[in-house]
Amino acid sequence: MAKRLSLFAAAVRLVAGKDLRLEARTRVGLAQVLPFAVLVLVVMAFALDAESELLVRVSPGLFWVTVTFAAILMVGRSAALEIEPGVGDALRLSGVSPSALYLGKTIAVALQLLVLEAVLVVAIAILYRTPLAGWILGAATLLTATAGIAALGTLLAALASSARGRESLIPLLMLPVLAPVLIGATRATDAALGTSDGRQGWPWVALLAVFALSYVTLGALAYRPLMEDS
Amino acid sequence: MAAYHGAPMAPVVQLSSAVALLGRFPVLAGIDLEVDAGEVVLLQGPNGAGKTSLLRVCAGLVRVVEGNARVLGSDLAADPSIVRRRVGYLGHGSGLYADLSIAENLRFWARSATPGSGHPDAEIAEVAQRLGLGGRLDALSVSRLSEGQRKRAALAVLVLRRPELWLLDEPHAGLDRAGRDLVDELIAGAVVAGATVMMSSHELDRARLVAHRLVTVAGGVVTDDRPARRG
Amino acid sequence: MTTAHPTHASEEEASDSAGPTGTGSVATRVLGLFILVGGVLLAALGLALTDPDVQLGERMRPIYVHVPTVSAAYVLFVLNAVGSAMWLWRKSRFWDQVAAAAAEVGLVFLGLTLLTGAFWGRITWGVYWDWDARLTSTLVMFLAYLGYVALRGSMEDPAARATRSAVVGISAALLIPLVHKSVDWWRSYHQDRTLFGQLDPSIDGLQLFTLFLGLSLGMALAAWLLIHRFRVGWLAMQAEEGGLDDALAARRAEAASAADGVEVEAGGVADLVAAPPAEKEQP
């Protein structure tokens, strides 16, 4: 049992390492998705007339909407890697269990998203002049919400990867089911930043954790049939 | 673990009346074929005859919807995943990540078979070297390689995985003379090591020399099956 | 022994619909008649014969339609999840078609629910929409199943489509209670009572009967639409496929034509490029 678990963990590490290495080689996330996300923050400021009080008040929501947009691009890219010619066959022949593949890809997406979020937090502090506070609650929110977004996105992007119009299908499938995470993350961030009572943040973090866990379980179970019938 | 039980002469591939569909089209229309351990079988036939599908069925990549299919002793209908990790399949797509280097691809695909152990860098470098991918090439990303070099890299993955059944779809295509010789050498080596080989090829003159058996496929069925004239 | 024949197992399951050329049957016609008669009765009862509600007054009346549509939608989405699970478990194409039909019909009913709800909101609260917890989660659910239908529409391969949409169908069914719960929390954070807190109709006998009639009619209409939509899907599938036996025979016939030689030379193509097209016309 312990041996199988360590084999599984090794496979997860292998897949996550492979995806991160691909990002390191191509820098699509760093050179395209990250600037896009910052641009969204700027455009939001145009749309809201750069009214600084309003920007501070809505910055938790804007932050998570921006993260979601970036995540949609990232998971699409992550799924596209696996549909290069022959790669799908090679994966099925490789012996890597579908759940390990799923978890590895989810972890790689989550790590990239966390880096992106760190930059966006700084960008919001500077551009919107949002005072940062509540670091522990904030970090817990980032971790749990990111896990949920990455877990759900990785599953749905793989699912849509062979469909026509997958670029628009991914957000269409993802956003409704992600609604609770957006709500929870925004509320918890509100609490962390002191726009609302700080103690009200932790129940939301707990909810985010529940969602992350359900999405991960769902993905780990669903990935096998997805790979079989491609 | 499904044991490869039975007598040593139990066929490695055992298809009877096997039907396989691609979408709704019957690519295999009731095929009968037995391949024994250590054989080298050459599949020939016109384009669209079902050669590729036959190889993919044997790899457990295409489901058999009717008839029986056993490969390496396990029933493909029951669980193709057992067969998959024991076969090596060289298809039309290289199965390599275009943005990783050859070395990185080899490391990933070799280690994915045995996560957490095996395939030290030295072994991988050695295989790459022997297949003509050593030195500077090793660090080049696959997207910058020629068709033939990609094929060599895909072959290197097979070598590292040491499959019991080699399924090669037009292994000679796109390779230079040295590369085609390399394929023949690998096939011979695999047989010496006790593996079985099935391949399709349009390079009949060359492939006939390494094959033991010529199987002609047309319209999704076997139309001819005879020993090869060995040179 | 190869026993798992996904294609054939499911054909046996639905052998009763192997031959029909249309989507109607005696049963559906009887059901249709019941719905028509019941619909007239419901309109009479709901619009005129029942008394207005003690608190809501005339605004009670849309409830007779609103509650049935939403109940039918929920039943259909549960059926979608069941069909999805049966596809994943048994590779049953019958159940895959049931899941597809249930999602589409469910979407219609949920759309009607949102629409009647909006009108009810307009006459009761003065607005078509409010970010009330129940409204919001219903809208989210509607959008989730729109995604399901869109996914089905954008894939060709039947097995891949069935598996992928089954995963979406099951996830939607599992996650929607959680969505509902979180939206509940979200709204209760802002306000103490939901707008539905006002709704406390005291129902008399005839009103109860009307509501019950509405519910039965909703379910009957859902079943009627489901059966027809399913049969359309099933027939379309049969038509696209033709028989497997015919396809196999045609495929094997290719072997005969290729038997003359492995390298079949196609009558020569040199003339296609040997002369410019204009000159080729000349005798």
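Labels for the chains are A, B and C, by order of writing; each one numbers its residues from 1.
Keep in mind that, in the parts below, a contact is a pair of C-beta atoms (placed from the backbone, for glycine too) under 8 Å apart; a residue touches a chain by one contact, two chains touch by 3 or more.
Keep in mind it's a predicted model, so treat the numbers as computed, not measured.
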Overall pattern in which the protein chains touch one another (line/ring/star/complete/other): complete
Farthest chain (mean CA position) relative to chain A: B
Distance between chain centroids, defined by C-alpha means - chain A, chain C (Å): 30
Length of the line joining the C-alpha centres of chain B and chain C, rounded to whole Å: 43
Distance between chain centroids, defined by C-alpha means - chain A, chain B (Å): 38
Shared interface positions of chain C, touching two or more other chains: 157
Residue ranges of chain C touching chain B (in the complex, touch as defined): 1-8, 156-158, 240-242, 244, 247-248, 251-259, 262-264
Touching residues (chain side chain B, partner chain C) in the complex: 19, 21, 23-27, 29-30, 44-46, 48-49, 63-69, 75-78, 216, 218-221, 223
Parts of chain A lying in touch with chain C, wherever the complex brings them together: 155-156, 159-160, 162-166, 169, 172-173, 175-177, 179-180, 183-184, 187, 200, 203, 207, 210-211, 214, 218, 222, 225-226, 228-230
Chain C residues within the chain A interface of the complex: 88, 140-141, 143-144, 146-148, 150-151, 154-155, 157, 159-160, 162-164, 166-168, 170-172, 174-175, 178-179, 181-183, 185-186, 189
Of chain B, residues touching chain A in the complex: 56, 59-61, 84-85, 87-89, 91-100, 104, 108-109, 111-117, 141, 154, 157
